[in-house]
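Order as written gives the chain letters A, B and C; numbering starts at 1 within each chain.
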Amino acid sequence: MKKNSFQLYRRDFLKSCYKALSFAGIFYLSFQPEKLLFSRENSQYDPTKHWYGMGIDIHKCIGCGRCADACKKENDVPREPIYFRTWIERYVVPIEGETYVDSPNGGIDGFPEFKGDIDILKTYFVPKICNQCAKPPCVQVCPVGATFLSQDGVVLVDEKWCIGCRYCIQACPYGARYLHPVKKVADKCTFCYHRIVKGLLPACVEVCPTQARIFGEVGLQSSPLRRFVRFNDIIVTKQYLNTEPKVYYAGADMEVR
Amino acid sequence: MKSFDWKNIKLNPKIPRQIISLAIIFAIAIAAFVIGRMLFVPRSFGKYGHYRGNALDEIASQKINYAGYQVCTNCHSNIYNSLTKSNHKGVSCETCHGPAAKHTGSPGEYKPIVPREREHCQLCHAFNPSRPTGFPQIIAETHNPGKACMACHEPHNPLVPQVISECSACHRTIANQKRVSHHASLSCEQCHKVTEKHLTNPKLEKAGKPVERAFCGQCHAKDADSLKEIRRIDLSTHGGRYLCWECHYPHYPEAKR
Amino acid sequence: MLDIGVTNMIPEFQHITGYIYPNEFELHWGTLIVVYPYITGLVAGAFILASLERVFNVKVLQPVYRLSLLAALAFLLVAPLPLIIHLGRPERAFEMFLTPSTKSAMAMFGFVYAWYLMVVLLLEIWFDYRKEIVIWSQEKEGLSKYIYKILTLGATDISEPSLNFDAKIGKVITIIGIPSAFLLHGYVGFIFGAVKANPWWSSVLMPIVFLFSAMVSGIALVFLIYMVTSMFRRKEMDMDCLNKLAELLLYAMIIDFSLELLDFTHRLYESEESIKILAELIYSRLFISLIVSQIIIGSLVPMISITWARFFKLPDEMRRMVYFITAILVQVGIFSTRWNVVIGGQLFSKSLRGLTVYKLQLLGIEGLLMAAFLLILPLVILYILCKVLPPWVENEGEFQTSEIET
């Protein structure tokens, strides 16, 4: 009897060894370089020569929602109204009392008529997006290095490495991150990295009908973004947190948070 | 060869057996950790920073859905030429026609959407007080209800069927406020000098505002030749050196508050 | 004022008051992340209680010394479970060992946990029990004989000098263990306290408050386990020990309550931008869990009743009854504390303009049943540990044989 049970034990032990080895092997192999559409080595693109930022002109935004819609279509973001890489907020500032803010479905379907018996002092739209901070608190807290600031100034998420702990989502002061419901990893605006490295514009900038969004490089001497920052009075949101956002707002009211 | 005495193993009689056993266990654990690290940390990790270097290529290889307006001009240059001279010059092709990368890749097989319904144009042009002043808006329910927008407005060159006679076409909010105010009977031209150029190129030639207190005094001065019901003030003492509209909102003067 | 169409898509939208960023609809750290600091708090608290006996020679705590260690171990073994279950990608959890970010407090979890488990807790228990393990390995029969033989790790010398060596090492380990226990639970406080984006969490006091509430819950846990096990074993409870535990619990609670009061007063005094939404948060969303459960039931009533039971003349049965009920109330209070920190911090928007709700589920991964399972599992493990390494061998010099089924 003893001999049989030992043989059984050995067989089970070897089985679990094979299982463990194959699991390890699969994991190891999944990180081998696959055939990719874009390869840094093969392209002309040098990330160290760029430092991206965006300008948003509140005076120009008409709240049409094309940017939020295009972003979801370009990046396959789930269409539910709780996952956004960019969204538009409407502010209604009354003569007296609390400012009212809303963002129905991120502004994708436009904004319904404002129903409220208050005297409005002013009202405007504010597009929101990941600020691609130069000192990103989300990168600071990632335990495994799955989110990072690239050399060209874009904060990206490595969806193959992210463990889904959601610390970065908690650490973002701007609510720019969400957990992808299918992939179960953190997700956020990437400035359409796959477009900008090929010289295209991010989808939201491409479709904005009034050019309220200006994409460009922070350090470039002659660029629309440089002119935008020089000509307008710029604020960034939550400046006191010292995250050094690279999304610059012109014409933003003090109510914008 | 002497048989190994496992029970009384004493490498060094001074070190107690407890320490030796524990040291062996810890050595095995640390070795497993080090070997695990060597095997499983992806090779590209740490190349550019504390992240997987290959992630950049993977992110940049994402599928592109919006082609960008410049690609459209390769085949549709006529439309583009008329567009750039029109009021829609800032509007990108894909703002209305949706993502068209598939179409540029295979024009016969994939056709972009052609939005003909009224709701589409209303995304930008339906009246919404939060839109910045000066943006052309219509009240959808009363503006040719049921008729397609394209019946009168060519989307790639959207001139209006008749010359704009009403300022409310672009200044709807102001017109709405004025209509229910004490100044309802005043026309816009009575206070604002509007030139022909303003109608065609509003941003370059703005309409003027009154520059003297005496202007409002034409109705509101104590000795003015105007209707009895109009409120009078003493121009020499009221309001110091300020122009009248620097305190009072002329489009809705002396509102509830 | 919300668009009806959007509300129909997601009916929970109607529970939102004010404005929240669209991505904030989903609460990310739920019941599981409430359970985790609660469990590590129990571990840290129970261990520090045990080390009081060992390092500061509080002899009257002798009856609960081994029990505290085993309780700490039982809960420590369960501690990683809520974290791993909660991950979006649990199969990648080991990445924390492969590429930990030195800037991230969360990354140190794997190492602090491994250190505390292997170097502190397991070693301390092993050194303390080694003599009995050797004796049992010689006297027991069957499967348990093999178990104890393995546990001896070959160190079968139980002569006087060897045992003295054990005692010395044990003391060193305990001394190292106290700051390690502080680190094990304090880093969780830092994980929350260092998030500048969240005004409810961001505070210098957060790690300290976490620590002292951990001590409170740990002492109360040992209280409960000692009383329950004594009841089941039909053994006399050591009143001196219980009274000392009550004193320590009271002091810990006073310090903890003072710290929370300080945080509250400081917030109210400075009245920063977030004060409005946080006040609304407390009054509307957290009223029951904070005012009623954490403060009244969890702090004020226990402090008053312990003071009364300990320092006023009462018959022993009454004392024990009050201690028992108080310990349960304390656990409820500390669990509410964790709840208010974790869930409370996500109930208000970072725009400071709105509040949302947390939908507590019964079933599912973040459900109440899972939380209950994770809290009962350590007790099951403790039961097994008490069978393998009975903690009450030292009582009255009596050598009790454990009833192990082979």
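We adopt the following convention: a contact is a pair of C-beta atoms (placed from the backbone, for glycine too) under 8 Å apart; a residue touches a chain by one contact, two chains touch by 3 or more.
Bear in mind that the values here come from a model prediction, so they are computed numbers and not experimental data.
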item	value
Arrangement of touching chains [line / ring / star / complete / other]	complete
Chain closest to the assembly centre - both centres taken as Cα means	A
Interchain centroid distance [CA atoms averaged], chain B/chain C, Å	48
Chain centre separation (chain A, chain C; CA means) in Å	36
Separation of mean Cα positions, chain B and chain A [Å, integer]	16
Multi-chain contact residues (two or more partners), chain A	114, 145-146, 161
Sequence positions of chain C contacting 2 or more other chains	98-99, 101
Touching two or more other chains - residues of chain B	40, 45, 50
Chain B-facing residues of chain C, complex	94, 97-99, 101, 118, 123, 127, 130, 153-157, 162, 165-166, 169
Residue ranges of chain B in contact with chain A within the complex	39-40, 42-45, 48-52, 54-66, 68-69, 88, 90-92, 94-95, 98-99, 122-124, 126, 128-132, 135, 255-257
Touching residues (chain side chain A, partner chain C) in the complex	80-84, 87, 89, 99-106, 109, 112, 114-116, 128, 137, 140-146, 161-167, 169-179, 183-186, 241, 257
Complex contact set, residues of chain C against chain A	1-3, 5-6, 9-10, 18-26, 28-29, 86-90, 92-93, 95-96, 98-101, 103-107, 109, 191, 194-198, 346, 349-353
Of all residues in chain A, those that touch chain B in their complex	24, 27-28, 31, 33, 36-40, 47, 59-66, 70, 73-75, 90-92, 95-96, 110-111, 113-114, 119-120, 123-125, 145-151, 156, 158, 160-161, 190, 193-195, 197-198, 200-201, 203, 206-211
